[in-house]
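One chain, chain A, links the two complexes that follow: it is found with chain B in the first and with chain C in the second.
Let's turn to the complex of A and B:
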């Protein structure tokens, strides 16, 4: 009773976007041989399942190196612009430093210590108004190209409706 | 004596001849010329009889020109670095220097530089490559419906917001247990509730309702999978909605202490003021007025408004002033 069906209350047809189902094998062929793409029949299947709507997708990347995050931000924003995704905010939350003080020697010498620290730099890219297909394609692209030593958290806010309970 | 080898040795302009005590010679024409010069050079260099022992040195390859020398400016860089690969100084035509300089020196050059290999490079993600990739990804993307261009319309048609987080990191396991948590947010004003149902649902959810933003937040993390938590959250919302519409027998026993907000009808304040006004009238002149007429008079209504406002909202200067004015009017001061 709480599944989304095609919406009768919205009169514009553009809403009924259909979900694009990507067969796994196809993704590898596009990047290397452009000519093959043209000659093979279309590998995209279109289903009748209604698309999900994401009001906001927030990508937070963490790394020990700020320069790597700069380059990654450039890449992600350029990819979003190319795919026509609206970027609402790109900002840098302040870095977090974990400090550790240990004894320098293995035995005695309490007065002589050594200090280590771990710096975690952050970058946040907030995208708005994405469909499920676009989000899946963009996130997969961006996650496959995550460099070594970078972690990511993706927070998705999906808008749904319960027809039975709305006014 | 020419002997055939079992293996086919590919020639890229260099010869890779394994010379560990076994003399292998290839008799085909393409290899012959290079091989013969190598062999003669090798034999001349080894006059002290090192060539035949079990630990004879591998012949050194002739160093070629780095690939960067043959690269043109108009080349297709996406073919040089099609995917993520470590930094190769002979394949990148940039005069990059990296590292800490020694005293009175410069950062070390790119040849044999470990620092350049350690750091992740984005050579495979140049703007041209990104454009190519996005061209290939475009068919899989769908457009956002143009009628839902601002947030208000989105909220109007799709009032329920489901939030979940995905985690990507390197480690022994791909899974992150925090990924199963689902938050469901909905504004109660968008649900079909009447007065009784609204009060009941607020009582049922307790802390999950924020009065200031009129937002009900249901957070589920008790199931191991995200889909299960989502289904559970939807189930909870369904149950809350239906239960709030039902009227149970014991709800008739609701006392004044259970009420959410103050109502002036049948309250001690009403009884007191009516009583007071009746006694005043009796003491003054003797006109016995009906209770109903007293209640309908403007001053009593104003008094009622000011008392209700004082009790329901936090006490502020304006509300206390309003009460003072209303009291003065009632007693004609």
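Let's turn to the complex of A and C:
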């Protein structure tokens, strides 16, 4: 369904405007939404208080699949470069393996066991010297695009002014 | 049950049972360990047959190839180190698989892939074109609304249709 707006025209105007009103779709269930994330229009507010400064923002992502982490690291570093955020280092902490040993059979056969393992791969992206607004915007963007099966931990180191007690 | 026999000279019995057991020879005695047949792995494996059983890629590749030749069927963060909720996610996944199997009865071409992005639950399924598209749209809407009411989170179904099952090999 589409509507035709008024065409750009000269002074003598005789144009046809056809409008189709879309039927208002009453959502019967609250949970069945057409769009995934309802984006409320973000209002840019200018305040007098100074912005928080972060000396370091460290993002640790973990996943079972190393290839997913590779592509996510590429995405996050590209986003940071586009926004002009300094990336101090990107490194890969060693993977962690959790192993379980269970009995293979449901009854007896104690000598026959099955071993399972769960591998967690890590990737750490450290950003340095950014403002609170930048950090908030970057983290929100990067978190909205987290792939499934990937968990993220964010550590922020804030820098504050030195407290002076002498008056 | 493990049973060990110590024979000094009966070689006929030993040669017949040598396949299933292991024996060590020292000081002239031969001992034979025979264990019950619980050695082979049978998990998620379809045994080799006559050659008329069609297998999908998911069924043909054995579970020790997960991560190398196979992907994961249910993708969530509960099994990572330091994350919790593994049992709840597993139970939810089992219910969703049974539910989808029953709703799209006889139409599923492959296993269902369940992904979780934040609060959103995405159920991806490959479906055979056995019914009319209208019926499929109804079933998709019905499953989405029922599952989202049940789990109190937005549920999206991503269905792809095929003419017939994508056979990888015949066993």
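What we mean here is this: the second predicted complex is superposed on the first by the 119 of 167 C-alpha atoms of A that agree within 3 Å, B and C clash if a C-alpha of one lies under 4 Å from a C-alpha of the other, contacts with A are read in each partner's own complex, and residues count from 1 in each chain.
We adopt the following convention: contacts are C-beta pairs under 8 Å (C-beta built on N, C-alpha and C of every residue); 3 or more make two chains touch, one makes a residue touch a chain.
This structure is a prediction, so every number in the text was calculated from the model and none was measured.
Of the two partner chains placed by superposition, chain B and chain C are both touched by A:151. Using the contact criterion defined above for the overlaid structures, shared-chain residue A:138 touches chain B, although it does not reach chain C. Judged by the touch definition given at the top, the superposed model places A:77 against neither chain B nor chain C.
Touched residues of chain A were counted for both chain B and chain C, and B has more of them. In the superposed model, A:65 makes contact with both chain B and chain C.
In the superposition on chain A, contact is made by A:130 with chain B only, not with chain C. Under the contact criterion defined above, the residues of chain A that touch both chain B in one complex and chain C in the other are 31-32, 65, 146-151. On the side of chain B, the complex with chain A involves touching residues 82-84, 119-120, 122, 124-125, 127, 130-149, 151, 154-155, 157-170, 190-192, 234, 237-238, 241. Chain C makes touch with chain A in their complex at residues 2, 35-36, 38-39, 41, 43, 67, 72, 75-77, 79-83, 115-118, 120, 122, 141, 144-145, 148-149, 152-156. Chain A makes touch with chain B in their complex at residues 1-2, 7, 9-10, 12, 14-15, 17-20, 22, 30-32, 37, 42, 44, 51, 53, 55, 65, 67-68, 71-72, 75, 78-79, 82-84, 129-134, 136-139, 141, 143, 145-162, 165-167. Of all the residues in chain A, the ones that touch chain C in their complex are 28-29, 31-33, 36, 62-65, 96, 98, 104-105, 109, 111-112, 114, 118-120, 146-151.
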